[in-house]
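The structures considered in this document are given below.
Paired with chain B in one complex and with chain C in the other, chain A is shared by the two complexes that follow.
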Partner chain A sequence: MNNAPITATKPKVAFFDFACCEGCQLQVANLGEPLLDILGAIDVVEFREVMSEKWDKDYDVAIIEGSITDHHAEERIKKIRARSKVLIAYGACAATGGVNGMKNSFQLDEIRQYVYGKDFKFFDSAKTRPIHQVVKVDYFVNGCPIYPPELVEVLKCALRGLPYTVPDNPVCSECKLNENVCMYDKGVACLGPWTKAGCNSWCVNNGNICYGCRGEVKNPAKNAANDVIGKYNLSSDLIQNKFEMYNKCKEGDTNGKK
Partner chain B sequence: MVKNKDLNIKVEYITRVEGHGDIVVNVKDGKIEKCEMHVVESPRLFEGMLRDRSVFEAQHITSRICGICSCGHTLASIEAAEDALGFAPSAQTLKLRKLLLDYEFLDSHLLHIYLLAAPDILGVPSFVPLIKTHNSVVRRALRMKKAANDVCDILVGRHVHPISAIAGGFTKLPSPGDLDAQIKILESMGEDMAETLKLAATLKFPDFHRETEYVALVSEDAEYPLLSGDIGSTDGKRFKKKDYKKATNEFVDPRSSAKFTKLSRESYFVGALARFNLNYAKLHPQAKKAAESLGFKPVCHNPYLNTVAQLIEVVHCYYHALDILRDLRKNGVDYSQAVVVGVNEKGTIPVRAGNGVGAVEVPRGILFHNYETDAKGLIKQANCIIPTNQNINNIEHDFMKLLPEIIAAKSREEITLALEMLVRAYDPCISCSAHYLNVKFVG
Partner chain C sequence: MNYHILKKDELDGFIKKLSNSMKVVAPVAKDAGNFAFQEVSGASEIALKYIPTILPPKKYFMPPREKMLDFDISGPQPVDKAVLDAPELAVFGVHTCDLAGIQCLNMVFSERPRDYNYLRRKEKIFLIGMECGDYCDDHASCALVNSHMPSGGYDLFFTDLGDRFIVHVNTHKAEEIVEEMGLAKAASADMTALEKIREHKRGAFRNEIGVDPRKLPEMFDKGAKSKVWEDVGHRCVACGNCTNVCPTCYCFDMADTINLDMKTGHRDRTWDSCQFETFAAVAGGENFREERADRQRHRYSRKFKFPLDRFYRFFCTGCGRCTRTCMADISLKDTLKTLAKETV
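So, the complex of A and B:
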């Protein structure tokens, strides 16, 4: 059987950013010259940080960075979703809420007033939500920042219509293969045992702890985790507090998930 | 052509800048009623979120204020944290931090010069059309950007949100092989660097001048001050880092709800041009040579030439980084200085209640972090003043001088472009400024 003819037009891809540091789109720019190969396979129609061009038709793929943190953003993401065949949430802020979620630990008006003073009401702000708590998301690229090889992999899947699943084994599994000395053996608490792998244990390879930026594994090995906490005489509050740096928005998945 | 008796311009979401900003201009009967730059980024409330986090987590969190400036925020945050704790970093640590700062400048300035500013000068809406028309230039830009990024990856794990640079030192120190790899990558950039200077010599920038006050770090020693020094200005002001609030003098302007800064006059400028104007004599000889070849001298009052000052700093940081690397290779790295800190569970660093200030030159200008901590090392108060926040007042004063100069002779589109280019010349980072900058509402 002959292969179906490849469609003449390249897929229209657009990048959008919401509340975030824009570091994940920078990771895209940092691909260097290989970026031109990717640009050869797709047609980037909007990318505000590096382009002035705008597009008014539908998107084959919308790549979303950042969290939804105000009402204007909620309306905007709904409009983008309505115009997009496939929607990718990339980076911790979009995929899991990321550090923006720490805001949810405070009373909203209190933290707004702390930062903006008496004029705080001028600055619209709502509870932080990752994209999937507002609209349907087809692909997730977790991590703060994204791990570039994973984004390329997800892009390939999205353009071919293949599924992609974020790895659900803990960072420790990659860390062991990288032959790192366990951070617990160095005397500090690390979130590797509870955090989704896929980053190639990036932080521990560089001597730092895992901060949990890729989100919690679905079925953490609770007994093993308790053993670790017990063995090193750590308080579970310390671990919980560390976890909330990236994973506070997880609360929104259990109540009122869309 | 509109003959501009009346003119209304609203540029929504200025493109090719980091973050979301608008320009609003209203002219009625030839009189400027409004000529402002608005920041419309959604607030992220970083200072609020830092409260009750460990001061040892401050670097990790504040690095996330901005992906482009993450190494700059890292260094300002670390300085503020260590100042609050009363911890003095070693000479080797400072040397490596200066190297990291050089890489941050290379990466950020190259991005701005090639991908964000150059399309204006070449008359296209983005670098994408340049892939066809100026393919070798685009390839060079991406190659240089990648090289700057790669050396940073080797030094601190990655450029966007560095991993190993923390309060207390570095969690991983570069091996001799790592140093060699960085030297090799930088040396391989040499030819592209020369081509970049040749390209710069052909670029034409708008002719516009407005005298203003320039603010940057200044120092007594011979090194171009990016990490260490005092706060200084071209109007002769000088303050210790601790007294940063005397330099920034934040105020609210009645015509908007924005917080501005000023020092000796109506506004001041921070960034590459400010550093160039204040510290030209301390630039690396190669950078001075480059400036001379472009006929670029201090004191320069044309804000559009901030992009050229960035280019001179690219040359400076390139050679300065190579000097540090060769010195480390020759004299060796003391690997016993690698630190394991976490949230200081082991009590590696003595903790006390304190109030610390970090003031670091980052690509867009001087950046301040200030933390007040309790006896357990938890942050009780946090304040950050971002270069772009300091520049917005100066940008608007530039607008007010520029607009009357061009309004009669230029079309609406040309005026819009001139204003956009002016904003872009400052290389504003609105992701950074939005962490607390106040939004202005029209009408």
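So, the complex of A and C:
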């Protein structure tokens, strides 16, 4: 990554999507007032959800949503990477694999047949991979969907050539500061204790549990997980299943490193 | 002795009058037996009997996120301006454990270099204490550190006498407010009733660990390599709940954020936690407390050993929050008892 701040003219920024629900793009389009400030700082040259123009030169920043799930997508992301100075993977699908990773729990042909029927051989498919398992990623914005204020922070770091580190504390650390009553006190299992913070405990603030969409912390407390499962009389399968909803692609990371 | 009386049915008027001149916060009941300090407009919203709130009242003295300054780097020299948001505030119903916590923080932030954000905010806060007649629950260990009895650090202090509160007036500001509200002086019968409550407490509150508190620092010296730390570390989630809810934990982080104009921005300080893996990590990849066991021992030492050398008092107030909030059931009382067994 070129660490020099991008300053000369307004940086050319493009948004792309791969296998995803495009919900993170919707979050960007719905930013409200901060969107005007962002548009004052960057020049959006491609963004399928909101405009039809295309750009044929290099990108200063490419913002990628979605995971890589077939060979065509792999070729396409490699081409985008080659044309981009900085690449941001945003949203769980792109940053960690997200719900698309559930596909990796099955034999590929088995799941292809289930989805496409008897002619499944005509439909290309591959194991789900987050972007960094295919090309180099400079910035990550975890979450399903992204937490909009975090995207703004990452964008500012990218424009200034500064690093951004996804917080590696459990969601509890933010949840407690918001003085939420612990979901476990309410008798509900929540993935906050093992999931990366940075979302300001968005879901729990709104009465929901943490689904683990930002990915597991680097050094999760395995023993504590057993204690918590015991203390609250939960089944370990339940917790495991909850985890696999978003964390299945982690297996494709070598020792958790990119 | 400056004691006054407030009848219970007059509490609502008291809160309402107070809220004419400042924001009033008090413990309010939340789900599943939890409480939190929140803004109130009348007595009916207040939980007079409550177990310690999720966050202690330190959140008003050093907010979890606090803007320290605004800056502008567009000119040849960067320009900055300190900012402080410190509204007049009354905190009602603070238990003696939390008053002790604020006393600890006062000492920390009065040390040079003084923390003016803390000190100036503190000046704007009117503290109204509330006595506990009995233990809130089994997790408390306030008698061990002698914070179950009032020992200053408040403007007004309420003790429940059944149909009325006896109110100790401790500061000049409190005297003015009591005079303005026209609270009657306490009679000798009220003082007798108060003494009866204190007498009951001397029997009901007993050293919860069964170890002379003077022995605690020595226990930590001897028990530095105790197995108890390994056990606690084995169970710890490293979520930082215990430090976030602690009335005396004050570690913070400081970071600059730039606005989208790429010229102006602000510096914020946020609560940090020694339980996070990154807390003692330094450049070059070294981490002084890489293991959860080391980090937990550090936390306990910051309550029962280190502050004794520096501030001559324990930085545990016995509120029991760290035990109540722990996902992994790590109990402060149990940890101390085990350590005592090995070392005393």
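Everything below uses one rule, namely that the second predicted complex is superposed on the first by the 242 of 258 C-alpha atoms of A that agree within 3 Å, B and C clash if a C-alpha of one lies under 4 Å from a C-alpha of the other, contacts with A are read in each partner's own complex, and residues count from 1 in each chain.
One rule holds for everything that comes next: contacts are C-beta pairs under 8 Å (C-beta built on N, C-alpha and C of every residue); 3 or more make two chains touch, one makes a residue touch a chain.
Here the structure is a predicted model, which means the values were calculated and not measured.
After superposition onto chain A, the partners chain B and chain C occupy separate space and fit alongside each other. Once chain A of one complex is fitted onto chain A of the other, the partner contacts of A:N206 are limited to chain B, with no touch recorded for chain C. In the superposed model, A:F106 lies in contact with chain B only, and not with chain C.
Applying the stated contact rule after C-alpha superposition, one finds that A:I229 touches neither chain B nor chain C.
Taking chain A as the reference, the larger set of touched residues comes from B, when chain B and chain C are compared.
Using the contact criterion defined above for the overlaid structures, shared-chain residue A:K186 touches chain B and also reaches chain C.
Taking the C-alpha centre of chain A as the vertex, the lines to the centres of chain B and chain C open to an angle of 110 degrees, rounded to the nearest 10. With chain A fitted onto itself, chain B and chain C come no nearer than 12 Å, counting C-alpha atoms only. The intersection of chain A residues touching chain B with those touching chain C, taken from the two complexes, comprises 186-187. Put simply, chain A touches chain C in their complex at residues 34, 37-38, 40-41, 152-153, 156, 159-160, 168-170, 172-173, 176-177, 179-182, 184-187, 192-194, 218-219, 221, 223-224, 227-228, 231. The touching residues of chain A, when paired with chain B in their complex, are 18-27, 29-33, 35-36, 39, 44, 48-53, 69-70, 72-73, 98-100, 102-103, 105-106, 111-112, 114-116, 119, 122-125, 144-145, 183, 186-190, 202-203, 205-209, 211, 234, 238, 242, 245. Listing the residues of chain C that touch chain A in their complex gives 30-34, 36, 53-55, 64-65, 234-241, 244-245, 257-262, 271, 273, 276-278, 292, 325, 327-329. By the touch criterion given at the top, residues 13, 15-20, 41-49, 51, 53, 57, 60-61, 64-68, 70, 111, 115-116, 119, 125-128, 131, 138-139, 142-143, 145-146, 149, 156-161, 163-164, 166, 170-172, 257, 338, 340-343, 345-346, 431, 436, 438-439, 441 of chain B touch chain A in their complex.
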